[in-house]
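Here subunit A shows up in two complexes: once beside subunit B, once beside subunit C.
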Partner chain A sequence: MSANRSPRVFLAYTGEKARIVRAYDYLILVLALFLFIGSFHLHFALTVGDWDFWVDWKDRQWWPLVTPLIGITFPAAVQAVLWTNFRLPLGATLCVACLSIGTWITRIFAYHYWNYFPINMVLPSTMMPSALFLDAILMMSNSLTVTAIFGGSGFALLFFPSNWPIFAMFHLPIEAGNSQLTLADMFGFQYIRTGMPEYLRIIERGTLRTYGQVATPLAAFCSALFCTLMYALWWHIGLWFATTRYLKKI
Partner chain B sequence: MATTTEKISEQMRLITQQGKMPPWYLKDLYRYLSAFAVLTVIYIGFRIYQGEFAVSTGLDSTDPVFETYWMRLFNFNVTFVTLFAGLSWGYLWFSRDKNLDTLEPKEEIRRYFTLTMWISVYTFAVYWAGSYFAEQDNSWHQVSVRDTPFTANHIIEFYFNFPMYVILGGCAWLYARTRLPLYAKGISLPLTLAVFGPFMILVSVGFNEWGHTFWYREEFFAAPIHWGFVIGVWFAHGVGGILLQGVTRLIELLDELEEAA
Partner chain C sequence: MMKTSLLKKSHQENSLQTAQLKERSESPLNWLLLLGIVITIYMLGIQSAMAHGEKNLEPYVRMRTIQWYDVQWSKQKLNVNDEVTVTGKFHVAEDWPISVPKPDATFLNISTPGPVLIRTERYLNGKPYMNSVALQPGGDYDFKVVLKGRLPGRYHIHTFFNLSDAGQVMGPGTWLDIGGNAADFKNNVQTLNGETVNMETYGLGNGIFWHSFWALLGTGWLLWWVRRPLFIARYRMLQIGLEEELITPLDKNIGKAMLIGVPVLVFGFYFMTVNQYPKTIPLQASLDQILPLTAKVNAGEVDVETLRAEYHVSERAMTLMLKIKNGSDKPIQIAEFATGGVRFLKKGILAPDHSNTDSLVAREGLALDNPAPIQAGEERQVTLVAKDVAWESERLDGLINDADSRIGGLLFFYDDLIGERFISSITAAVIPKFN
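Entry: the complex of A and B
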């Protein structure tokens, strides 16, 4: 705990006061851990969860666009509070690490052990490199504008290359039933999802198939633009919620 | 030599004393850890129950065993959370401090620690409701066909987990309102947002289930009828404001404390 006070009046605590402050820090750490696992995970799962749950949803057109777009929201809001008030450059990494912990626990115990989905079918994506980059840009620039433009863009652009080593193998072509499909598609056909008819997957729509693999960088740059705007929006949402007002009545 | 021995003995006595009893500002530490332990046992117990009985008895709501294994659990959950809300909120209100004007700085610091513990236990319940059991709901919907709003996961998620974190959030709000001077003089906006916003998630169950009367399947989890939950959880960011209010006040209180070793 060290508030953003003027260096002129701030003196480091010693003795019992230092121990009190350190104990408070630990309490806040535990609180923040569960808060952001619970809240960020719910926000993420109910807005772009499907792309993260299932390997066959991890396409080139939507997944690299929507996941960073929602993934940058909580990091921006938490950075606004932790950096502005405490000079802690870890808001994004904290949120994304919490999200990773929450998703991994659920994929293993709720999907794999309860309902027997293969763990490879429900591997979560990672945004850790993106989050580290975002925190580093904020720390070095100390600027909302610079972080929104360069950090936000980098957050989106790093997403696909960070995940490609994990998921590339599931995009290998295979032949089944006289059709060419990917290994990821095969998972979808083999493990029937009772609530999700195949035709309802929101992946790779459109007619211009000659774009080929260029669809991915196009989606990533589109996401970079949106992330720039989303970052600034959520920075202000974070500040708005972190009000210190007391009301007379509610 | 004797002096050195005495010093060591004194140090050992202090360490032993510290090992047995937490310092004054962490007076409620063991209660705090106990709350985590009890909640963990409850939530893991629910998960084990689901693993044992969901597939064998929870797939068809017209089957008589569904009534036995799941609707009884639903009735128990609703009864339990109603009683728990009344008891916990009632206790906090009726045991309130009526002499807050004479509160010593040391005691106020201790109460800020206890408030932080209350909020921490609240966020632990938010974890189980917002992370584990929430996403597990998607997993269950993809291996079963929904024929009732009271599925094997909804009975735990909507009728125990959601009310439980609402109750614990209410406890944190009431604790602050009844035991800390600043929160008693004015109503903390961020604390109110952080408690009442996620409360709206519970209310959103109505919107969600109403929507599912049109679309009984969970075609995809990111469906707009689920976004009511999303907006509710944004209010968790009010915790940033609670932190700022707490830190600001703690610095003032620490300045009033005399230096101790």
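Entry: the complex of A and C
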């Protein structure tokens, strides 16, 4: 992953050339901001959207399994471009920041003001700690393999504990209709969703509930394994989609 | 010669102008302008949706899955925080369509434009239930849903069933007027440890705090890099082999701090939260099992066998040939045939109206070849004609184009004194008559 050319004298740009180069930086940053707000948010919403939209979808099994798995895709691809060509270790943080901006805009304007859901019912999860960890691993290791194995695993393993401070309080038990529910379940029952009947929730299903009712660590480690593979896959997708053929003429 | 030259020049200028005009008229800008005008005119005429797409559901699904009756709303005007109750009954058709998955997971829902009301209670056969429920074909159920006004406005509300892998089967609807002030809405819930929480705001400040905290660290990391020349400068340096200068020792120290600090913070906050909320439980995902009531439809006293069903396209009329055996001890009359959300009533029968919904009612839509009461113990063959434009306006006549063109519905009988009611479900393949 290191540059192949031998060191030679480097003449830094000065004057107007430097100013133009800096303006180009800002131009790309602004474009990248809008591009990733749109594309990553869309990708995320279409794949693991419901787990992130609704408080009563954030379970112990599927939420910590699938969210990091999809969440690591764009960060891996953008890291591949920014690290390989520019040695910028901010791809993951940039993507996750853009996703957060898009997510919050949607939750406030589309879900709350347009569709009347209380915002606490549609609080998004955060992947910022995972992204910071992933960027730091890449910078320190300068290695796709190390980042995929340790960064990818860390990305998944940090997800659930990062979000528990936000969502634990929604898992307090209540009694309703002669049954035990969480406050999160009660949101789903009370705030009417015509297109989202309860049985559509993909939660607490499958055979991961082993080891004495402890499901979350299993889901997290399973996600960690998949994330290492997903990271490597999307790193190569990032390289495949990106090109520096125009920069070679500068 | 000079005149000819001038004419030629003028002709050339005209050709040039024509070409320019043509080019201008074909430019994408003009097309965009035209598109903008069309969209603007279209948007000026947009009205609120007054339906829920129920007519687009295949007729055989509407007729042969959930057969609603006696649906009532306790009131149609209420204020924010007031409660309104909807009650009713439904029969799960025995002749459940082969292409629709069996109702092993269903959800009794309310069709609203978002949570303008909240659902506070829901009962099936008198039993409260919170999640989804399995229904039994041939079963009879009654239901009750309690709603509480949340946002003022005038809304068209339906009861309906979400059927797993099949879609929505609409029940009767009505208009609700909710008055008052949205800011007055209150929704408090008590947890098992005795804490009362306001569902409208609970956990919001905490969520914003944690998102802001991590966003601050993320922004700091981004600014740390963005403050330096980025793309072209770094690309040139990397290409020339100055990789070491792109990541400084300070950057690496910060990276080490992040590698250790971020997990430490994450797990530190996690264990703090676990200590703060030690009594949390997983999301509850049970499927309720509620047995049907004792039979209300096909209860055994009145037996109906459908011999033949014909749909006369030009007359918008369904003709049903039925063999009816009155096993009760009193004379009975056919008063109503209900199918797919349409009620066909027989003229002259003063059957009590058990529903105050805005269901489509064909008041004189039912005719019999022999209207005389069916005496106790009598078996009679009856030809019944359900005729109304509703077959077409509700798109129920699409049945003849369905892959499963069978009709299903409920037949209501009353004794001679308009007292006791008997209900039978009927079903038959439909033969279209095009002339």
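Assume the second predicted complex is superposed on the first by the 226 of 250 C-alpha atoms of A that agree within 3 Å, B and C clash if a C-alpha of one lies under 4 Å from a C-alpha of the other, contacts with A are read in each partner's own complex, and residues count from 1 in each chain.
FYI, a residue touches a chain if its C-beta (ideal position, glycine included) is under 8 Å from a C-beta of that chain, and two chains touch if they have at least 3 such contacts.
Note that the structure is predicted; figures quoted are calculated from it, not measured.
Superposition note: with subunit A as the common reference, subunit B and subunit C are in steric clash. Legend: residue contacts after superposition of the two complexes on their common chain; A:43 is shown touching subunit B, with no touch to subunit C.
Of the two partner chains, both subunit B and subunit C are touched by A:85.
In the superposed model, A:71 lies in contact with neither subunit B nor subunit C.
When the two complexes are overlaid on their common chain A, residue A:175 makes contact with subunit C while staying clear of subunit B.
Looking at the shared chain after the overlay, A:13 reaches both subunit B and subunit C. In the overlay built on the shared chain, the residue A:152 is in contact with neither subunit B nor subunit C. More residues of subunit A are touched by C (comparison of subunit B with subunit C).
In summary, superposing the two complexes on chain A brings one listed stretch of subunit B into steric overlap with subunit C, and the stretch in question is 81-89; the others among 81-89, 117-125 or 153-161 show no clashing C-alpha atoms. Comparing the two complexes, residues 3, 5, 13, 21, 24, 28, 85, 114-115, 117, 193-194, 197, 200, 244, 247, 250 of subunit A contact subunit B in one case and subunit C in the other.
Here subunit B touches subunit A in the complex through residues 23, 25-26, 47, 50-51, 54, 109, 112-113, 116-117, 119-120, 123-124, 126-132, 134-136, 138-146, 182-183, 185-190, 192-193, 198, 217-222, 226-227, 229-230, 233-241, 243-245, 247-248, 250-251, 254, 257, 259-261, going by the rule given at the top.
Only residues 2-3, 5-8, 10, 12-13, 18, 21-22, 24-25, 28-29, 56-60, 85-90, 93-94, 96-97, 100, 104, 114-120, 123-124, 126, 128-129, 131-133, 135-137, 139-140, 154, 158, 161-162, 164-187, 189-194, 197-201, 203-205, 215, 244, 247, 250 of subunit A touch subunit C when the two sit together in their complex. Considering their complex, residues 1, 3, 5, 13-17, 19-21, 23-24, 27-28, 30-32, 34-35, 37-39, 41-43, 45-50, 53, 77-78, 81, 85, 102-103, 105-106, 109-111, 113-115, 117, 193-197, 200, 202, 237-238, 241-250 of subunit A touch subunit B.
Residues of subunit C that touch subunit A in their complex: 52, 105-107, 109-112, 114-122, 127-132, 150-151, 160, 162, 164, 168, 187, 189-193, 195, 197, 199-204, 206-207, 210-211, 214-215, 217-219, 221-222, 225-226, 229-243, 246-247, 251-252, 255-256, 258-259, 262-263, 265-267, 269-270, 272-274, 276-277, 279-287.
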